[in-house]
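Read through the structure below, which is laid out as structure tokens, and then see the notes.
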């Protein structure tokens, strides 16, 4: 270590000239600025939409369906001649699954690409990061993910008049199925989730209804991200005497936990109900690990209705027959179509017009059926499905079997200053 | 002392040419260019550049440690995030008798400095050196991230925390809003320049020279009677304070902070900036932070996978072939030119 | 009673699996002094290669050895191209192996994509021990871990090769005077460590989601295992270190949240490092 | 020999490494301004003795007195600040810094006021004959020059007692001779004391300093070079080895 034959370089560096650096900075400055040259909008110009998706980073797995849903919808809108004679143009930004990058990308899309509105962000943290940006720039954000619901204290990440929520929240995703699960399997719940807001709030909301129905929470644990080993948790679950494991782990921890839960031979003794694992994650789990578990969402690829059949046909034509869709991708799809309808309705491409137009808009062709954006709190009214993972499934078509469903579930009002 | 013609540079006066070709001269040009940019440009670039400049400051906080004292920290992002959280909490608290933003900035210096000093003293006084120090700082940033996640009632947990944009409180003369890009730019730019000047000054003072001694040969320095662990604690404290302060400004600029800002991946990104920029030169490091971060932003939209790969390869190449980084290479070129 | 027993069982399993994950690092760090920040990437590579081999239809047992061999080859290349000229500069090897991590993670993403993968559990089911269900596969890899570590220790202490390697570590100059080919020894050690890391990644793959960052879960923990156990104490050090890091996390988690347990273990590890920089097994 | 001028005294200084006894109850005294050579075959414990005096190793038993104070428990740093400064067997320098910067670091620890630093540095460089190489990076100096530079560091560090571990190792005959002249000058002109570990018999002879012979960790004999040269024990130790 002490002998450092390249020390000379370091030494010279400290002492001397970096004039070249200044030039580099200048060049970089110009390259930064070049795309920002102001363009004037005209009637024939496209309507620009900034889409922020997790294309790289920890949640890349969800990123594909996420951006694909929006792209498919935009193709359909443009094929039908666009809106007000203008086509949609997507400008994609990679969030890298990092809230910090969302701030950068949202600003880039708004300030430099001059998009008319934004869609996307994936996790609640990403959405929250975008909150102040869309508030100060006064742009609309269409948010697709199932999430914890809106509480005033998290403004401007929620309860924001510039945000529209296209995914389900717990009173839609969980409440409708609690009675069935309790009657069938028992009243004792063990809650396990990743340690952040979505699992915690989801559990809190679930608990409220559960207690009303006479249920009981016999254990509640939150797991830090990237936990490799689950011995003590599995032991606690076994000791708790629970009937149902209510599961809100996400990311790779979902897989880690489920692999070890299955390996411990606990599948036969408990019923597991997850509100996180859509087609992509369940595919990742594989049939042995996922079989027999319960899942609830607003959308599954396997739900049977004409809308979905037609939707999947178009989706597969564009993205290949093995491409996966999920609740988030479908929410992005709905978001694009509903934004187009809103613009058509108001005849104007502006934030105010889009906000007014989206309120109480109905979309007949949602892959999950007819859906409606509630004007009061910008929360989507959606169906809710409870599914069981089939034993020995071979693909998304036979992955889930339907247990029960509700075509249209009104969520509780958002805990915000209403109307937004 | 015999009267002789001596070649040592310290015995010769500096000529104007020397100034132009010295690091401060180059820094003057860089800051002048940065100061003029908002005159010619507006929009996203003027919005985002202050953020990258703060990344540059974060890089300088590591550059001081690594390039001058020979200590590598894989935990600088932890201090950066700590600063952002400090700012956020201070803005929420309303500040009491002093302006909350100023309180946040002040506290960030204190909190970052004290945490680094405590950790540094704890380790250095027991002779924990180089490689172990890296591992501890790595663990430190993981711990800070986990604390930010788990103390959700204070930090907002994994969902993050909102931070208002600060305004410039001029006391009796009122307040200047920093909501728009240009005013914010002209607050952050001088802050960055001042930090640069302070850090540069540190490197040429007695303290800075002793740091060089630690980097070159800590045992020799101890044998000369220097309390090396105290100097190392000192430089780590300065570095922590600077990173934390930059984080506070970043927080109020981005309006948001989440735990992943403290994470290992971001921490090590800083190491990459510094290596590429050239750890021996604070200006090189500053520009390394600004340029690599901005290229990351632009190129990642075009080729997200390959850009990271290129960055990784560049990092290895710098370690193997250009230990002085870009700044070192530029300096070599300039010196070669001048020698002719 | 059964809780106590199950805590013991859990702690044992965790200790041994962590020891397995840390073992390759312990070899490389302990014997040739390279802080291999690419250790996590080697675990990840081992897991992905296992996935690739099993997906191609190969039996699990063959797959894990192929995967380990693959990682050993990559380790060989890394050593030959980069590391071998930096053995006397631990700081540089630390950064260079981190560079290896950055590059190989991106290459993994490009080659294998970022979809969630998993390797089918080759030994499903659990067996009953006094009312406690113990997963068969985990028990099996815990056993493998013990065998590997004990076996390596035997080689290390009782074979001619092991004695040569130890001589080398104690005095590099002396070893070269004795006519040992120092650079070949170093290469051998580095490749063995890479092989062990690959094997660990392969064995762990059925328990975890195979993603590009799978190995990093173990990276910092593994370092603490090696440091706390004492560098160069291959058998006892690795096991004791694993017990103190992994086992104590289980114990902390009994009384607190999991997040707190992880943070607390790191804090304790740092304090131990401060007061016993050469590990708990070494005096002074 | 007046005790008033005593600079350093060790009492029963012992160092054990596991089973091995490196220094066995060494009583050693050095006057202010005295130069002393320590010789002995390999493994006699010369470097261990110096290391215990400089604080790089802690004695297993015994005490060290410096300027009338017990310094046995003091750290390297505290001893250096009292004026005990050590040159290592292989030159230990700030390799990537210039000779000037090397000496500057040593000066920075002393009470030298900033405006006098430069002249002090040049004075020291002049003394060790490196003033023309002030700008040269230490790692590119010749081995002999590196030895001198390290001696320069000790001088610039305001050392009173210089511990010189093989100062002429790797030097040419000419360099060795001028090193001898330098060390004598230090004693005569600057009133410094030094303990010099050496192998080069000519060097020791020319230095004309008292010699301590260590053997198997013990003081075998002490005296002038002339006495030592003709001492039977010494002869048997050196010749008996062959």
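Points to keep in mind about this one:
Which chain is which? They are A, B, C and D, in the order written, and residues in each are numbered from 1.
Rule of thumb we're sticking to: contacts are C-beta pairs under 8 Å (C-beta built on N, C-alpha and C of every residue); 3 or more make two chains touch, one makes a residue touch a chain.
All of these numbers come straight from a predicted model, not from anything done at the bench.
When chain centres are taken as C-alpha averages, the shortest distance to the whole-protein C-alpha average belongs to B. Here the chain pair with the top count of touching C-beta pairs is A-B. Distance between Cα centroids is largest for the pairing of chain A with D. Put simply, the C-alpha centre of chain C and that of chain D have 47 angstrom between them. In whole angstrom, the spacing between the mean C-alpha positions of chain A and chain B is 34. Between the Cα centres of chain B and chain D there is a gap of 43 Å. Centroids built from CA atoms put chain D at 72 Å from chain A. Within chain B, residues 130, 146, 149-150, 216-217, 305, 308 each touch two or more of the remaining chains. In chain D, the residues that reach two or more other chains under the touch definition are 92, 95-97. Residues of chain C in contact with two or more other chains: 90-91, 109, 216, 257, 259, 262. The touching residues of chain C, when paired with chain A in their complex, are 3, 6-7, 9-10, 13-14, 17, 88-91, 109, 114-118, 120-121, 124-126, 133-138, 204, 206-209, 211, 213-214, 216-218, 246, 250, 253-254, 257-259, 262. Contact residues of chain B toward chain C in the complex are 70, 72, 122-123, 126-128, 130-132, 134-136, 138-140, 142-143, 146-147, 149-150, 264, 268, 271-272, 275, 305-306, 308-309, 311-313, 315-316, 319-320.
Residue ranges on chain D touching chain B, taken from their complex, read 54, 56, 76-81, 85-86, 88, 92-97, 100-101, 104-106, 108-109, 118-119, 122-123, 126, 131-132, 134-135, 153, 157. Those residues of chain A that touch chain C in the shared complex are 1, 56, 58, 60-61, 195, 221-224, 226-229, 231-233, 235, 238-239, 252-256, 259-260, 262-266, 280-281, 283-286, 288-289.
Chain B meets chain A in the complex at residues 20-23, 25-27, 29-30, 33-34, 37, 40-41, 43-45, 47-49, 51, 67, 130, 146, 149-150, 152, 156-160, 162, 165, 179, 203, 216-217, 254-256, 258, 260-261, 266, 278-281, 283-284, 287, 290-291, 294-295, 297-298, 300-301, 304-305, 308, 322-335, 338.
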